[in-house]
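First chain A sits with chain B, and in the next complex the same chain sits with chain C.
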Partner chain A sequence: MAITEKELEELFEKMPKKMEKNRRKHIMIKNGELESQAIEANTRTVPGVITNRGCAYAGCKGVVLGPIKDMIHITHGPIGCAFYTWGARRNKAKTEENVKNFMNYAFSTNMQEKDIVFGGEKKLAAMIDEVVDMFHPNAITISATCPVGLIGDDINAVAKAAQERHGIQVLAFSCEGYKGVSQSAGHHIANNNLMANVIGTGDMEKAPGKYSINILGEYNIGGDSWEIERFLKEIGYNIVCVMTGDGAWEHIRNAHVADLNLVQCHRSINYIAEKIQTKYGTPWLKVNFVGVQSTIKSLRDMATYFDDPELTKKTEEVIERELARVQPVIDQYAKICNNKTAFCFVGGSRGHHYQGLFRELGIETVLAGYEFAHRDDYEGREVIPDIKTDADSKNIPDFQVEPDPSRFHLRMSPEKMEELKQKIPLGDYAGMNLEMKDGDLIVDDLNHFETEEFIKLLQPDIFASGIKDKYVVQKMGIPAKQLHSYDYSGPYAGFNGAVNFARDVSMAFASPTWNYITPPWKTAPLLEGEFGEGGKA
Partner chain B sequence: MSRKIEGVKNVNENPCNMCMPMGGILALKGIEQTMVVLHGSQGCSTYMRRHISQHFNEPIDVGSSSLNEKGTIYGGEKNLKQAFNNILRVYHPQMIGVLTTCLAETIGEDVERIAAEYLRENKLNYPIVTAPTPGYGGSHAEGYFFTVRRIVEGLAKKAEKNYKINIFVSNISPADIREIKRILDLMQVRYTLCPDFSDTLDRPYVRPYTKIPEGGTKLADIAEMSGALATVQMGMTVDESISPGEYLREEFGVPLYTIPIPIGLENTDIFIKLLQELTGGVIPLSLQNERGRLVDAMIDSHKYNFEGRSAIFGEPELVYALAGACIENGIMPLVVATGSKNSTLCTLVQDLSAEKGLDFIPEIVTESDFKEIRGLSVAKGVNVAIGHSDGHYLEEQENIPLVRLGFPIHDRIGGQRILSVGYTGTAMFLDRVTNTLLAAKQKSYRQTMYNKFYRGKEKSEVAKYELLRV
Partner chain C sequence: MLDYTPKEIKKRSSGTVINPAKTCQPIGAMYAALGIHGCLPHSHGSQGCCSFHRMHLTRHFRDPIMASTSSFTEGASVFGGGANLKTAIKNVFTLYNPDVMAIHTTCLSETIGDDIPATIRQAEIPEGKIVFHANTPSYQGSHITGFSNMTKAMVTYFSEKTTEQPKEQTNLIPGFVNPGDMRELKRIFEAMGLTYIMFPDTSGVVDSPMTGKFEMYPKGGVTIDQLKDTGNSKITLSLGRFSSEAAAEALKKKCKVPFISLKTPIGIKATDDMLMALRGSFAAEVPYELEEERGQLVDVMTDAHFHFHNKKVAIFGDPDIVAGLTEFVLSLGMKPIHILTGTPGGALGSKMYSFEDEINDMLQSAGITANVKADSDLLELHQWIKNQPVDLLIGNTYGKYIAKAEDIPFVRVGFPILDRAIHSYMPIVGYRGAMRLLEMIDNALLDRADRDAADEDFELVM
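Then we have the complex of A and B:
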């Protein structure tokens, strides 16, 4: 069932004036007949609506830097921020030979009132000395929290001095929580610094072998990256580094040698993908390893890029074998899932990626959106020139890169590039909206009020989002699937991940639990008529 | 440059506590039809909602004034007022609680003035309670009590004597709060319990879904706390400056009785005896039987328990009550730790140890982190840890089993249902600890025996002899 313009109008009428004016621009019903349909994104959240968005620190330390396992990540600030990003995202990391692993640790300067008054630089510097003494990390990051910028602690100077003192890299990230409008600002800040100071500082001059790639924007939630790497390695790809799931500073430094960058989460990492291309000549390819068909398409796109009969043959072999293995299992689960509808509201790429996997199970996504995406994640990269830069986006310094005099080289002729661009999403992302059907709802920065209202109107069978709205949805009698942390499950990417996801979603539908919601002394039809949460009752 | 400041540790490695507004949210969630707004970056409210949700498995709606760079320069007044507008319109709460964050406090926002101005501008007679809770001002434990105090300061009015008893609970589980209410009802006490998040943070499944859950301490009851017969506050470790009971005593002359959380036989006895003295009522037979059953349980388990050597960590108030409960069962607390700054806890536990004639003094550490707790636990030979989920490294990496209790519980389900207060709750707590000790013993029994007694073929005669002596 689709939502009508009238129903949407009624919803807007329930909002306070200012909120309504704002939210109108972030909510749209897909209409493919229009030449273009613009949505507003990456603008300030209305205060007081219950948003799912986080802050710049969350995007920088929590998302991009946190998974790099061999660096010590120091949170400079009062204790809360370090605590809240401690293992909370389920980005898994395993210990490799000769690579350190600090994934289980949270480090904070635990600033107190006196540090706010007198400054926290000395404490930070002393703390760096302590962690170096104790852990001998190869590199350190310092992430700033709100008070740091306000009291004027110069974390860059502290980092520089510590770097000289200890002879290891110490990077400072000014990702104070108030920067930008969401965690997206933090991704950008993290990307800039990694690009400026880490990527390309390794000694490798040449790719370690044929088909060398980096996987960008994959954070190994619940082991996703391990599943992806499993079949990529089998096909014959050499994975130079993953940014940043189960990633290592040691490896990221050599990212410049790869011949192709895969971009999984476009939002959080596209800055690096673009800049590597400018500086080292490595093209990037938008991939999606969520869902069997999307995975297969991504593998074929990669084979097309490398254009090698041997690789193509191996790719098809793996696809055929994996498909024969997983498809019958998925088909069984699809019987449970068939003809159901879903809401899919996640961060910056999963709101899009999971739609394909849902479709394979026979579940239609009727509402989708992103927490912190930009317009290009909805409408495709072609809108980038049209995006107005506002005060909030200007606050994040964009730095320019030049082709590296010794390490830049073209991976192919410009003609060949152009030819490939016609076939595969090379350096391009067409956005989420393209994948959605007419009449579907697209909502940017969905808030709790709207969540409830849209559930009443559309009554989806499953709601895919995060823990903050999970319990609202479940209390409305609808199963929820956490797509940030996977409800302690996973992996969900790749072939095995699709099976896991199909199983978990089927469990949500088939669990006997839902049969007991209505007490025996209340008859079901009466309940629907009298107590239904509105809308359809 | 000197590398170290002697004796001072600058790094907090794996924190044992959270920040002030976190505790403030929990307190406000215990007030009837209340919405909370955090004045600061929206990350604060998102992170805290996420963690509270995970513990209680409940929706946690907390608004944010979503301050950004502009707000930090020109002040966040406009944002906060807009947040009030939207929350009033969409949620229709009966009260709004405003907590500040690092950001708001660092730029010097006066939320009390902003709230008052908002009400004046909109000609509203409406309760907005404010609590300055910067992350650097203390831990979530202090944030909790301070916010409760601010709620009472904001709502309590001069009232007629009403002969009720005020009960201020510390951050215990919804199940614990329900148990305390059950005991109060059994004792036929008329009371106002605050904050009461027993329903709001553990709400039954009912249709239709409401944005703000039913339950919580009634605003009208808080208003009349000033006329109560007495205040009973579970807050032995709570500083006067953040004590709600102290406020009622100073401002309205309500006598204050400070007691430990009733976990453990003696701590529960203190609570029951105090209620009896205050009300002159009788202790019903059923409650006396509960005590009898607890004592029976303690006797049944005493040998197992006396093998326990515990590390207790978490919020100061909880840690103190647990130390008492452990000592009376011989589960000697070798390490007592909190992430909060609290010198009272040290004194209290030292006094308790002396009073009980312990032949050792527990290692008491405040402003601690899990590096320290883990190190001390290993060094002291601890064999059971009691505290919140972040002690799971003790279990995973040091093989010290963890009995989960307190806040947050994020790697297990049901933090909201863990019952540990009163005689019955104490028996349940004790069983959890005893069974954990037993499970550890049974799991390693063969290995322990092998390591201890098996000395190879040639020494098998000796081993046999030693086994006979066991």
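Then we have the complex of A and C:
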């Protein structure tokens, strides 16, 4: 079932005027015949609209910094912000030898009224002293929450002084929740600081071996990154660091030595990918390890990049073996899923990534969108020059990097690069829209009002989004799959992940519990029954 | 698990928190507002707060938690959020059509100093619709304070005294408890034959049934008419002084309704106290139905006493819940030796009867010395436990890290519980609730004994 222009018009008409004007730009029906179809993204949500979006702090501390396990992440602000980002995101981390793991801890300066009035700098400094004394971390981050910017605490100065006092790195992130329009601003703020102060500070001068890579924008939710690493290592890749799932400051410092950066979640990490390329010459490749076919394609693209017959051979061996192992299992599950439709509305990359995996199960995505992506995540990076900066994007300072005089080196000739770019998404992301069919709906920053309306119109069989929608949708009798937390399952990436996902989605369809929604007395006529002989009615 | 927590306790004087045992005001306010029928809570601040609060409440209740936000950007935080709020009010009524919109503030709007009442006065509010607010700055108190502030706002905005003579009805303020507890309280009141107005009442809202249809405003919740009528009640029963007493006091001030402040009725003694208070105020006899339940509770307490007598317990969580739990485990003959809350301990800013005093009084009469602290964190609780081990830990989900690190049986009670389902439907208040708590405690201890028993000591009958 596809939506008609008329139905969409009717929906817009139900909105208040100003909102209607705004939302028209964020909603479109895919039409491949048009030369280009622009969508508005990364602009303000209209107040009062029930959005799924969070804030810059969530994007900075919650998404990008939080998973770095060997740093102590201090939240400077009142208690709530730190509390909510404690352990709830499922970014798993293992303790390694010589690498500490502070994942079970939450640190908050717990600002009180007097700190708001007189400033919280002293308290922040005192907390740093206490945690250094107690935990001896190698490095510390400070993330500011809403009131901090307003009261004028200079967290950079506090960080600098603490760094001198303790001789360890202390980084300050001004990611107050009101910056930008969503988590996206926080990704950018985190990227900038990691790039400026962490990446490239390690001592390594050379890659630790052949085929050295970093995995960027992979957060190890439910163990995704471990599954990806499993087959990458088997093929022969050397993983220098992951940003930031199960990531370590110790490793990220040496990110400069890798020969290729893989970019999984483009939205949250593309700034780092670009800047590493400028500063150290490392190209980046857009990959997608969600879904069997996307995983295979990503592996082949990587082999194409390194262009080594040995590596290609090993890649194909692993692909063949894994495929033979998982495909039959997935096919069994697909029988339950076949011919169904899905809505897929997730953060900044999964709205796209999961469509392929759904398709492998015979599920067509009929509505997709992102909570906090930018136009390039929809339309492809070629639109970047056309994206207008506005008041909200301007307040995220960007900074320029220069090629590093000693460490910059080209991984291949410019000609070879150009040649490769024709074959693989090197330094490029073509966006989500390309993959969608004509007639599909693309919605940016989907809100609750539209969720209800679109479900009525399109009646999807499954709705993939987050916790805030989940039970809304389930109450309608429609299975809902959390694609931020995987409903506490996973991994969903790679070959094993695809099997897990197929299992979980079929379970959502096959659960007998759906059969009990209507009580029997709602469908049976009320008879004035008499008890017959033998106790039968 | 929590590998770096040192056993040695060094005084931390910075007032900062490591592994919190509290969260911020707005989430409590949002929860309280959901206890009004047809109400949409609104978070006046940037989107993140609202998103976090909805996420955590949704995880705890596994039910839709709807709330809107003023979506502040940098501009709003410089020039004030009045314009955002006006737009939000307009859009909320057009798009989501609630009967009531309950605004709470956030750190951001409080720091800016937005004047909410002034904005409400200037806003376009459709005929017959209601907008009210509570100030909930998170740099004071905790989520319990936020719950208390929103509950109090229900009184200051709505309660009216319109009858000469008070009506034969009770205002029942249940405090920050689950809808399962609220249902149980209502059942007890009905068994006593009493008329009551419970507020807030989240039963039927955050434990709504599966019907195949999503209702943005489910059947439950106290109505605005009922809230108005609270001014005519004969008496107010405030359960849990940290979450309920401020509203009871406001009612007394505004409408001269006297109040009785009691513990959250967790356990036998607190439930006895509640029934005695009702009996005394309304000359209503306690029916056999409840007396029988009480008798059953005492029966099982006695039957199984050797399972838990003298066992050492650590308890943490919200002050009203912790006070009730402490009293209950004492009545079981257990030894609560570490008792902690993250919420600051003075009763709503007054220094009258602090959390610590209340707990220490109970412990003293039982002859137990213990670590007791308000305004503290789970790092400190863990350190206490490292120095003086316990047989059982009781608290919210976040206790699971400590329970695993120290290999202690763990009973989940309180808010939030994110890793177990169904709990919010099941009461811990009243005699039945006490029986359920006792079963959880008993099973946790016995499961552990089974797990640890050598084959030759493995018992069939226990």
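The criterion applied here is as follows: the second predicted complex is superposed on the first by the 523 of 537 C-alpha atoms of A that agree within 3 Å, B and C clash if a C-alpha of one lies under 4 Å from a C-alpha of the other, contacts with A are read in each partner's own complex, and residues count from 1 in each chain.
The definition used in the following text is that contacts are C-beta pairs under 8 Å (C-beta built on N, C-alpha and C of every residue); 3 or more make two chains touch, one makes a residue touch a chain.
These numbers were taken from a predicted model, which means no experiment stands behind them.
Looking at the superposed three-chain arrangement on chain A, would you call chain B and chain C a clash or a fit?
clash
Applying the touch criterion given at the start, work out whether A:R165 contacts chain B, chain C, both or neither, answering first, second, both or neither.
The first partner, chain B, only.
Considering only touches as defined above, state whether A:L410 meets chain B (first), chain C (second), both or neither.
After superposing on A, A:L410 lies clear of both chain B and chain C.
Tell me the contact category for A:Y178 with respect to chain B and chain C: first, second, both or neither.
Both partners, chain B and chain C.
Answer with first, second, both or neither: which of chain B and chain C does A:T145 touch in the superposed model?
Touch status of A:T145: both partners.
Per the contact definition in the header, classify A:V329: touching chain B only (first), chain C only (second), both, or neither.
Touch partners of A:V329: none, neither chain B nor chain C.
I'd like to know which partner A:T51 touches here: chain B for first, chain C for second, both or neither.
In the superposition, A:T51 touches chain B and chain C alike.
Determine, under the contact definition given at the top, whether A:A510 touches first (chain B), second (chain C), both, or neither.
neither
Touch check for A:A157: first (chain B), second (chain C), both, or neither?
The answer is neither, since A:A157 touches no partner chain.
Is A:N395 touching the first partner chain B, the second partner chain C, both, or neither of them?
Both chain B and chain C are touched by A:N395.
In the superposed arrangement, what residues of chain A touch both chain B and chain C?
Residues 15-16, 18-19, 44-58, 77-84, 86, 88, 104-113, 115-116, 123, 126-127, 129-131, 133, 145-147, 150-151, 176-182, 391-392, 395, 448-449, 452, 466-468, 470-472, 475-477, 517, which sit in both footprints.
Give every residue of chain A touching chain C within the complex, in rising order.
Touching chain C: residues 15-16, 18-19, 44-58, 77-84, 86-88, 95, 100-102, 104-113, 115-116, 123, 126-127, 129-131, 133-135, 145-147, 149-151, 176-182, 391-392, 395, 448-449, 452, 466-468, 470-477, 517-518 of chain A.
Given the complex with chain A, which residues does chain B contribute to the contact?
Those in contact with chain A are residues 1, 3-5, 8-15, 17-22, 37, 40-44, 46-51, 53-54, 57-72, 79-80, 82-87, 89-90, 101-103, 106-107, 134-137, 139, 203, 205, 207-209, 211, 339, 390, 393.
Which residues of chain A touch chain B in their complex?
Result: residues 14-16, 18-19, 44-58, 77-86, 88, 104-113, 115-116, 123-124, 126-127, 129-131, 133, 145-147, 150-151, 165, 176-183, 391-392, 395, 448-449, 452, 466-472, 475-477, 517, 527, 531-534 of chain A touch chain B.
Over in the complex, which chain C residues touch chain A? Could you list them?
1-4, 6, 10, 12-20, 22-27, 42, 45-49, 51-56, 58-59, 62-77, 84-85, 87-92, 94-96, 106-108, 110-112, 137-140, 142, 208, 210-215, 342, 379, 398, 401, 418
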